[in-house]
Amino acid sequence: MAEEKQEFWRWTESNWKNPDIIWKDAKFVTVGIDVGSVSSQAVIMADGKILAYGNMRTGSDSPNSARNALKFALDALGDMSEERMDYCIGTGYGRVNVPFADRSVTEIACHARGANFLYGPEVRTVLDVGGQDIKAIQCDKKGKVTNFLMNDKCAAGTGRGMEVFSDLLGIPIQEVGDRSYEFKGEEPPAVSSTCVVYAKSEATSLLRKGWTKEEVLAAYCKAMADRIYSLVERIGVKPEFAVTGGMAKNRGVMDRIMPKIGIERMKTEWDTQIAGAAGAALFGYTLCQKGKGRVKG
Amino acid sequence: MAKYPTEPLKCWPKAKELRQQFYRNFSEAKEKGGIRWMGSAWAPDAVVRGLGKDVYSVTGEPYGASCAFDKPLSAKFLSAAENFGFARDLCAYMRNYWGSILCNEYALDKGKFPKADFAWSQHICCSHAKWYQNACELEGGNVPLFCVDVGAGAYPPFEPEMYPHRIRYVADQMMDGIEWMQKVTGREYNDELFLEAVWNDMRLTSKWAEICMLNRATPAPLDEKTIYSLYVFGVLEQSNAEFADFYDELYDEVKDRAARGIAAVANEKARLMTDTQPPWGFLNIYRYMEKWGAVSVGSLYTFGLAGTWLYDEEKHDLIPRAMPDKKPATREEGCMMLADWHLSKPEYQHFYHPEYKTKMMDAIAKNWKCDGVILHYNRGCEGLTVGIAENRLGLLERGNKVMAYEGNMGDEREFDETATINRLSIFLESLGLKIED
Amino acid sequence: MISAGIDCGAKNTKTVILKDGKVIGKGSVLTGFDQEKAVEESLELAIREAGISRDDIGKIFGTGAGKDSVRMADDKVNEIKAMGKGAIFLFPNARTVADVGAEEGRAAKLDENGRPADFAINEKCAAGAGAFIEAMGRALETPLEEMGALALKSDKEIPMNAQCAIFAESEVIGLIHAKTEKQDISKAIHDSMASRIVSMIRRIGVNKDVVMIGGVAYNPGFVAAMKRELKLEKIHIPDDPEYGASLGAAVLAVDG
Amino acid sequence: MAVEKFQEWYENRHAYQTDWKKRTGSKIVGFFCTYTPEEIYYAFDILPVRILGSHEIQDVTEPHLFAMFCPFCRDVLAQGLKGRYDYLDGITIAQSCIHLRQAYTSWEIHKNPGWSHYLPMPNHVQSPRAVPFLVGEYEILIKRLEDLTGRKITDSDLNKGIEIMNKVRRVMKDIYEFRKQDNPPITGLESMYMTCSQFFTDAREWLPVAEEVKKELETRKLERDPGKRLLIVGSENDDIEFIRMVETLGERESVGATIVVEEHCTTTRYFWDEVEEGLDDPLTAIADRYVSRTPCPSKDWPQRTRLQRILKFAKDFNADGAIVIQQKFCDPHETDIPFIRKFLEENDVPTYFLEFDVTTAVGPFAIRVEAFLETLDQEDDLF
């Protein structure tokens, strides 16, 4: 009875090209590479505008992940060679392993700067929920970090946990958000353990009690929302509030956090996963403008 | 089939009324023109009594426990304390208390949190003085604080003698405290009231120990879940005359129960003892044990926090400490007597060495005829859990059956009910018991 | 008399059929979501191997995290009791037994009748169980079955700190980046988990005759790490360690 | 370089101590807390050595310490249980926090140290009653030490002890002066080796080396960019790896830092205050010093006197920012931390708060520290 094992946690990778920009006229082409624990992005900018990006899963080898992400973005663009880059900044968990980067900046600074770009300068509080980390960041109007908090030694409540869970229930990760609202009656109470490792036993026992998959999902999303919120609560929310990282796409968790915060989160057309890489590319652009770019030889 | 006859406690309604009155007094103190103070359950409250008959306290630990019973409220308090920046592993009572101030909400009648005129406490666990130091600061920084350090060494027989300079140290701080109280309240100190209070303190704590002695009977006339509602008087205010009188009454009733063979739990088959505060929001675990015929008959915690005992090395027994021959006559004598009395508190001894506590616990296990010991590794209280892992080893070595579970007296997030029930079942089964449905 | 013990674990459900003190049938299936189905299937497998019919079985005892799903059981026993009995049945000298399964690690001190005198169960988030190594295998891109053998090739000591399985994953990836040999990483993973289990065993006291059961005992890398941590020459491990608790349940069904 | 000697001592504490015993034929007593009056031990010609952890992962303390006791006290107890200190002639603790007390009592129960003494160091150090009480305790201690050594001491022995410890304190403070320079000729790491090595060695042998280091520093120049100047506030901390990580960030990343001063019980809280010399009653002088030194938070009440001292350090050493370290489960410090952070922020010292565990890898802390340093950059190239 060998079934084809489907991997429900595999969120879709994507790349994109901005059709409106002719990069050949650009003064500076800068690149930001964000190698996260789960995903890697490359954002290519022409004079501070996004030209193209690539967003894919991180492999077990981050130098390659960086290269692949860049290649993915260049593929979207089609006609640019790596040599055209004026400056490249690495960020994220694997930032020191980006072989072609000129410099690295922490993902905390990059996400704040990126959020400032994706959402606009009104952003003061940024929540980044990625694969392993939850970060609550406060920043000024320039996107400079003024304060931040990170989760401690437990991965509960992070994107990776959601991946494991979606796989377990056999619900594709993109559908998790909507499915978590498809149940009748009252919202079930949060599960008690958001531990990634123990999620399975908890889910099993709930399903056995007669819960539907959707209810289990709702209970899990709620628990994750509680966990994430506790970090946000500790730093305090100053408006405007924006969310970056992959979890921003999961309304099952996000829509359960927002009522607690009490204000709306900002909206963007951009892919929230590219915030870090976009911030990095922007820093590169600023450096180039100040004449502190790469010394070409 | 029930093995033993059982009856409700006659003085139960009175206990309830006394407790409620106590909490009400604190919130209404101002309307009566009285004085309000805050401090620990272990604070020498007799000293404050010299300020007059209208001084009322909120006692931090029982207050923290009261919060814990209301889980949503407690969750709110705890998160307020965390948001202020306090670590989650700090004393759970303390965090509930600070949370109440931060939210300005009194858990006992849902009104505003009554601001105290001053704080008066003692210090032995790392948190006691810091608790009220921070509480004063959170109240706006204008509540004065005085703490008496009682970390002056263990009491005999755990030390060869009670060195005079140790009693002096504690008594002198009380003397200073009296001066300080007069200054911060502007009131004249009444030594007579004080001396009376010292006597009441000794009377109450010694009587409580006598009451606990009665629980040596089989079947036990009191179970620990009931004890929790009764020992609290010795925790709320030890020098309270009304409370001391109540214990006299209680003593008579329990004595009568023991004589007539009235059980607290009808199907008592095995006797247990526990340690440290229970997870207050989950006292139903005691009910669960009863289903197995297992009755917890007490603990060093309930016996020793409200009672004064001396450990007898030779008999390997805990003996209620006898009242002094005569009442103190002067302020200084009162302070010396009170200091000496307090320093002998069983619950102070383990701060110096776990071995002392192991001895006292083993004495309870043997003399109260316990079949097993359940230790609560209480994440909410470092003070009472200090050395607990060594107590476990020491009790095992002395032939006791011991079980430990992790939990928290005041932070429900750290208590796993299912896992604990599972563990309890394994343990009770290993004692040869079987659950009755 | 013929008896059966069924251990419905977090990952696997195992059945042992016992006839006059001899194991005549065994069956193990993945527990999955439907525990009752798993129980039925594992019992079926064991019955088939034993070559008996269901009616031949006099008594069935259930145990394990999902013991309530063993509907046909005459009685249920807790995991500690079952593992103790199983261990003493296999090794009459055993006084300390550890059972490491997919999601739970347990240890017990036994009296001469195999009754637990003291026990410990890992706390909710120790990540000190089989699932930890499985998760690490994924990060190392190595099948679980090869993890142990790989570890045996190494004699390096690399401390691994992360207690969280997920963070350990990134620690592993960090080590890969630092060009650490796979075998050394694997050893570090096993060492760190063994250290966690040994901590738990020490809580109840270590005797020289330590028995280990549970699926993780199949893993030679883990066993070697346990010996190192416990400073023991030998740890007793039965041929089919994962059946330890179900065997105990089957024995208890006879003994009562 | 003399400064390297400190590291050598730090790393080879056991070799040094066993050798010292062989050489001198005298006794060594291990102490668990810096409230131990080392002067009195020196008066008896006993070598007091502080017991610190080894930062290794261990599995021996689990039966003795329940999970919520601090990793530092676990690490310390592990040293004893693993037999690393079997050469000691006794152990002692001065009453400070109850966590460390557990390590001490478990050690006492399971290792049979021969001689042990619990000193009830008063907690109410702001009370005038503390000094007379402590003198009473010192008298008991002296009797116990007479039992251990079989000899009696005089005031002049005590004065000798005072002199030794005061010299140590003075030279450390002198060396700390160098850290005020724009590019300090001594790193935080070296400085940590200095203070800790003193715990492990005979002060009389340590002192000449320290004096030499003092001279060296007058001309020493370090070929490194000091980066941001940091003050570290925390509980026990001899986490060499952490300090190394912070001070080498600049080699890997675009921001770097130097630790210029700390408020730790391994550093300034331990040595900053001296015993007044030349008083009639040396015991009272010693008691006075321990009662009035920078307190550990569990003794810092009713006034919170630490705040001003910490701020003064920040100003005197011109710190750009402070990292407030919370040792996991360290209750005494945890009760102060929110107020310290608030106070420093109000006084324009940016702070970052770090929950710490001496036995975990420093890796995950790197990103936090680095991001904090980024926020300190005033004229940031990136904006």
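Order of writing sets the labels: A, B, C and D. Residues in every chain begin at 1.
Keep this in mind: contacts are C-beta pairs under 8 Å (C-beta built on N, C-alpha and C of every residue); 3 or more make two chains touch, one makes a residue touch a chain.
Computed from a prediction, not measured in an experiment: that's the story for all the values here.
Chemist: Return the chain pair with more inter-chain C-beta contacts, choosing between B-D and A-D.
Modeler: B-D is joined by more C-beta pairs in contact.
Chemist: Report the inter-chain centroid distance for chain B and chain D in whole angstrom, where each centroid is the mean of the CA atoms.
Modeler: The mean C-alpha positions of chain B and chain D differ by 36 Å.
Chemist: Would you mind pulling out the distance in Å between where the CA atoms of chain A average out and where those of chain C do?
Modeler: Taking the mean C-alpha position of each chain, the two centres sit 38 Å apart.
Chemist: Roughly how far is chain A from chain B, going centre to centre by Cα mean, in whole Å?
Modeler: 50
Chemist: Residues of chain D that contact two or more other chains, please.
Modeler: 63, 67, 355, 360, 364
Chemist: Enumerate the residues of chain A that touch no fewer than two other chains.
Modeler: In chain A, 153 touch at least two other chains.
Chemist: For chain B, write out the residues touching at least two other chains, lowest number first.
Modeler: 85, 406, 416, in rising order.
Chemist: Thinking of each chain as a vertex joined to the chains it touches, would you call that graph a line, ring, star, complete, or other?
Modeler: complete
Chemist: Inside the complex, what are the residues of chain B that reach chain A?
Modeler: 79, 82-83, 85, 416
Chemist: Tell me, which parts of chain D touch chain A in their complex?
Modeler: So the residues of chain D touching chain A come out as 252-254, 355, 357, 360, 364, 367-368, 370-371, 374-375, 380-383.
Chemist: Within the complex, which stretch of chain B touches chain C?
Modeler: 396, 401-402, 406, 416, 419, 422-423, 425-426, 429-430
Chemist: Can you list the chain A residues touching chain D in their complex?
Modeler: 96, 103-109, 113, 142-148, 150, 152-153, 283, 286-287, 290, 292
Chemist: Which residues of chain C touch chain B in their complex?
Modeler: 78-81, 115-119, 121, 123-124
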